[in-house]
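We call the chains A, B and C, going by the order they appear; numbering starts again at 1 in every chain.
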């Protein structure tokens, strides 16, 4: 507890490039950037594969493989290969690791829509794109959001680990503190990261409430 | 009018789902496709709105080949009702019904008004409008499915086993509702079912299809029951088709006897085995044995001219007297049809039909 | 005596079994311990919790909610916070991984038992199974495929997650990554990634095999 007091009570920790606000902002920036890039790749691809039904096996296999990839190893490999001149050697593995959860869940979400519903939609005269946009996506939304949430959890955690390879963000407090045996910094940083992750989790829960139709979400409740 | 002209559907693996089908579904009538599973009835239906495209032959909608019409445009002009209703779970009931009008570019208010009107038309409370499909029973969902198909007032309605997933009681009420709606709307309806009773109840014309997608017989229900084209149709119609045929025999000509009704407290002539006690305003109370001991026993009624011979016979079998009570629309006794009169009418009905082409099998 | 940097194979041969702490063989053993213990412990703990959640439905929402939150916590800060309790030991890595495993396995157990058709349960009752026998002989076997699917996810992700422990000096094969970063050198990174992925694939394969042996009816049904 005194460590927490030392960390949060130290005015030096609240200003400058190494201060809490700056590190928090960096963490947010890297996480959002990686998640956004991953979503830009994974959601359209997942929609396409789910809608056409082609390439599903590739998605599932690649997702299983990606889960086996050690994040720290990937980060170190990219940094050793590409250097540390920019943040990209770190952002690339972050994106790579967050694509599969979004991709798989989007794909499964679309593919799992009741075929009767798809049939009814076409039967009423919706065109392919309208079926996807007006029926399949709203119905698959809970799973798509689940994919985004799992990815966000992954990104927040990996961004923390990435501090080891020189990236900024809240992970710096932990990594640097550990290296210099500054335990106030380690504990304070850890608490900040945990809070950050919880806020992200809460954000997704709220987003789910707002965006998913009540006609759809009841199915999640009974599951 | 929908015309099938030598339509065949053959899949790449060689399976033939529909084989050289030629028939017409006349405007304003209900044409039922019925047959066992694998007979191509659903495939035939789905070729009309191009959910499936025919391999050979052509399907014409009022003389125009559907193949020439862009599928979404074609489908927006054809109502489509399927088994589980296929309601959109993320939209409430009123938005579900308004789907096609919105696709056709109606403004929101007009589409909504139309949807509310239809909701009432299919027998649902306006309070259901804001609910979601999961909050409705299967029967209610099916009603919404019908309302949704009718929303843009399409001249043609395709119904693919719409009532087969609900329980028998609800199914009966949905069938009655459909007949009532059809009496007002006169849509050209193609209805697919595997249930021959449903086909006979709903169809103006019934097309019986056999496995392999060939047409076995196309006829109105009465002809179908009286003169099945072959053994397959006969077997498919089932053993009690003789009884079911009676629902097409009218009761207009049935003689009604008035001497068997007596007021309550009657103590006159008791030479008849059974007498029907009637209230002062003419409603039946029950059958009393001729000797005045016991009773009143249960009775069955039918409305002459409105109900069929099947209803009259049913009414007769319900009571120990063996007689059917004829009542008017208000339930007042018009007279009594005795067992002998019913027998005579039945004999006449059988004689009226042509003798079967070959000896009947079974115990019909 | 040194003609250029060693190839990966030379590097592996030289470091496989040096007899000192930190040889590849040594790290592989550590890695196995730190990943297998959470997998097994997670399953052992998730089973009763899952069963309880099925038996007392009100328990499920709070349990699932709690583990959802735990699952969202990044491993590194959790390791760091645990150091003050369990020190720089394997336990510090094992405890959080066990909780992550439970977060996946509890819903799997609940869903698996939920997949038992009601008529099967009813007929087991009607045949006179006692509740315990019914659970062991009827319900758990039917739930097995769903639980094993969860276990596959847990096995693969636990094996890869252990490597983060390297940042507190307990990472098994993950130690190869920190070592490679400190004196920039690629072979250990490649070897570490390959070994971890291979380990994950082997574990996954074994679980698929277990699934075939334990639930032969699932395959038979698919084949028919």
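Assume a residue touches a chain if its C-beta (ideal position, glycine included) is under 8 Å from a C-beta of that chain, and two chains touch if they have at least 3 such contacts.
By chain, with names taken from UniProt: A, C = ABC transporter permease.
Computed from a predicted model, the values in this text were never measured in an experiment.
Compute the centre of every chain as the mean of its C-alpha atoms, then state which one is farthest from the centre of subunit B.
C
By C-alpha centroid distance to the whole-protein centroid, which chain wins?
Answer by centroid distance: A.
Where the centres are mean C-alpha positions, what is the separation of subunit A from subunit C, in Å?
Comparing mean C-alpha positions, subunit C is 21 Å from subunit A.
Express in whole angstrom the distance between the two chain centres, defined as the mean CA positions of subunit B and subunit C.
60
Quick one: subunit A and subunit B, Cα centre-to-centre, how many Å?
Chain centres of subunit A and subunit B, defined by C-alpha means, are spaced 56 Å apart.
Which residues does subunit B have that touch at least 2 chains other than itself?
Residues of subunit B touching two or more partner chains: there are none.
Could you please specify the touching residues of subunit B with respect to subunit A in the complex?
It comes out as residues 49, 51, 71-77, 80, 82-92, 99-100, 103, 132-134, 148, 158.
Touching subunit B in the complex: which residues of subunit A?
114, 116-117, 119-127, 130, 135, 138-139, 141, 212-216, 218-219
Provide the residue numbers of subunit A that touch subunit C in the complex, in ascending order.
64-65, 67-77, 79-81, 153, 156-157, 160-161, 164-165, 171, 174-175, 178, 183, 186-187, 189-191, 193-194, 197-198, 200-201, 223
Show me the residue ranges of subunit C that touch subunit A in the complex, using the header's touch definition.
Counting only subunit C, the residues touching subunit A are 68-69, 71-78, 80-81, 83-84, 111, 153, 156-157, 159-161, 163-164, 166-168, 171, 173-174, 176-178, 180-181, 184-186, 189-190, 192-193, 196-197, 200-201, 204.
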